[in-house]
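Quick one: this structure, given as structure tokens, is what I'll be asking you about.
Going by the order they are written in, the chains are A, B and C; count residues from 1 in each one.
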Amino acid sequence: MTTREAILEKLGFPLDRLPKPAALYETVVLTGDLAFVSGCLPIDGPDGALLRGKLGKDLTVEEGQKAAALAAANVLRALARKLGSLDAVVRIVKLGGYVSSAEGFTDQHLVVNGASELMVEVLGEAGRHSRAAVGVFELPLGAAVEVEAIAEVRRP
Amino acid sequence: MTTREAILEKLGFPLDRLPKPAALYETVVLTGDLAFVSGCLPIDGPDGALLRGKLGKDLTVEEGQKAAALAAANVLRALARKLGSLDAVVRIVKLGGYVSSAEGFTDQHLVVNGASELMVEVLGEAGRHSRAAVGVFELPLGAAVEVEAIAEVRRP
Amino acid sequence: MTTREAILEKLGFPLDRLPKPAALYETVVLTGDLAFVSGCLPIDGPDGALLRGKLGKDLTVEEGQKAAALAAANVLRALARKLGSLDAVVRIVKLGGYVSSAEGFTDQHLVVNGASELMVEVLGEAGRHSRAAVGVFELPLGAAVEVEAIAEVRRP
């Protein structure tokens, strides 16, 4: 296990608990030096419970941040599985954070910080990324957040 | 006509029925080995009617899947026009599926499967992609779905 | 100052009024020949007021277009700062436009034209891009629009 992987596990996200895709898609696709990671939901493991609900109604900002961190952990778990090691991640280039939002909830940027912080904690400077955070009306299966990513990688 | 194009036509999507852009943008932009395809709406041809409405209120999941397949067909039509042939598509790297959603509708992943299935039917393994599917509040012109894509291509 | 930068300033967007990131992210990340620009909000300068509200309720299409142009100006300001000059932009490859929308508002494509037009006015042919425009329920801090971008660039 690499240092990065050990940090991820120490933060409460065992590497081997990547959930299965919810539908007909690949979790990671490689092209050139880039890895495109599908929108990941806040589920802990193949048999895990999904974190559901809308921010501003069912969940606090802090609960939303925890959901965003779990979705981001699934991004990292997916990259580790595809590349063989998190050390093959050169840089997280972009995160897209979709936050299920009730009327009047405008702290999407704080919620998605939960994902951004995890990236920097685990990857250091390589975890610093560009980002878009928006508030959507509904997400698949009632998820609280969805996080997608583009990473620069060394191909296996 | 290539085998891929023949499959697309046989599925009910004649190659030459690409709608015009709804506003001030290019349908496809190439950079390096990547093609970025604009968000495509479910319209069949330059004079076609737009499939409108919200999932969970105006449309069933099956109707949404058909709309998603039509939007995805427009992605393929656009790539064929830009590249001269669908054989120049090396791989669909990423699909973004935006689903116009009524309160409580959480089957966006099933709706966007309509787009994903078409990609695999037409392109085979090259059609397998990463994906994000989200539920938005409104789409341009009242569209039911919007599908954008990134593809790895051989440039003309 | 380059010709492109002079045009941007003449249109009312001084180069040096880039707002600070609203949260934990980088405004621009470079990978290969691509620059990924974070979702930019319609704020004019580090001390500027944010353009807030929902299209179809609080703002007219024309006001939304002005907000989209300001967000797009921030995309260009960010690229100029990162690259040293707007002349290092080879091409705007993709714009993503998120429009805060009230029920029944379906002119997102017209609103995002405000961003698209600015790109072409400042960059000419290099400003012509692919695009997705969607209507979201809420945006960070109550922003009216958010605009993200991918550009092909010459690295400094």
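FYI, a residue touches a chain if its C-beta (ideal position, glycine included) is under 8 Å from a C-beta of that chain, and two chains touch if they have at least 3 such contacts.
A quick note: this is a predicted structure, and the numbers were derived from the prediction, not measured.
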item: Category of the chain touch graph - line, ring, star, complete, other; value: complete
item: Interface composition of copies chain A and chain C: same or different, split at half; value: different
item: Chain A and chain C, separation of their C-alpha mean positions in angstrom; value: 25
item: For chain A, residues contacting two or more additional chains; value: 32, 136-137
item: Residue numbers on chain C that touch chain A, as the complex places them; value: 22-29, 31-32, 36-39, 96, 98, 136-143, 146, 148
item: Partner chain B, residues of chain C touching it in the complex; value: 32-34, 56, 91, 93-95, 101, 103-110, 112-113, 116-117, 120, 128-137, 150, 152
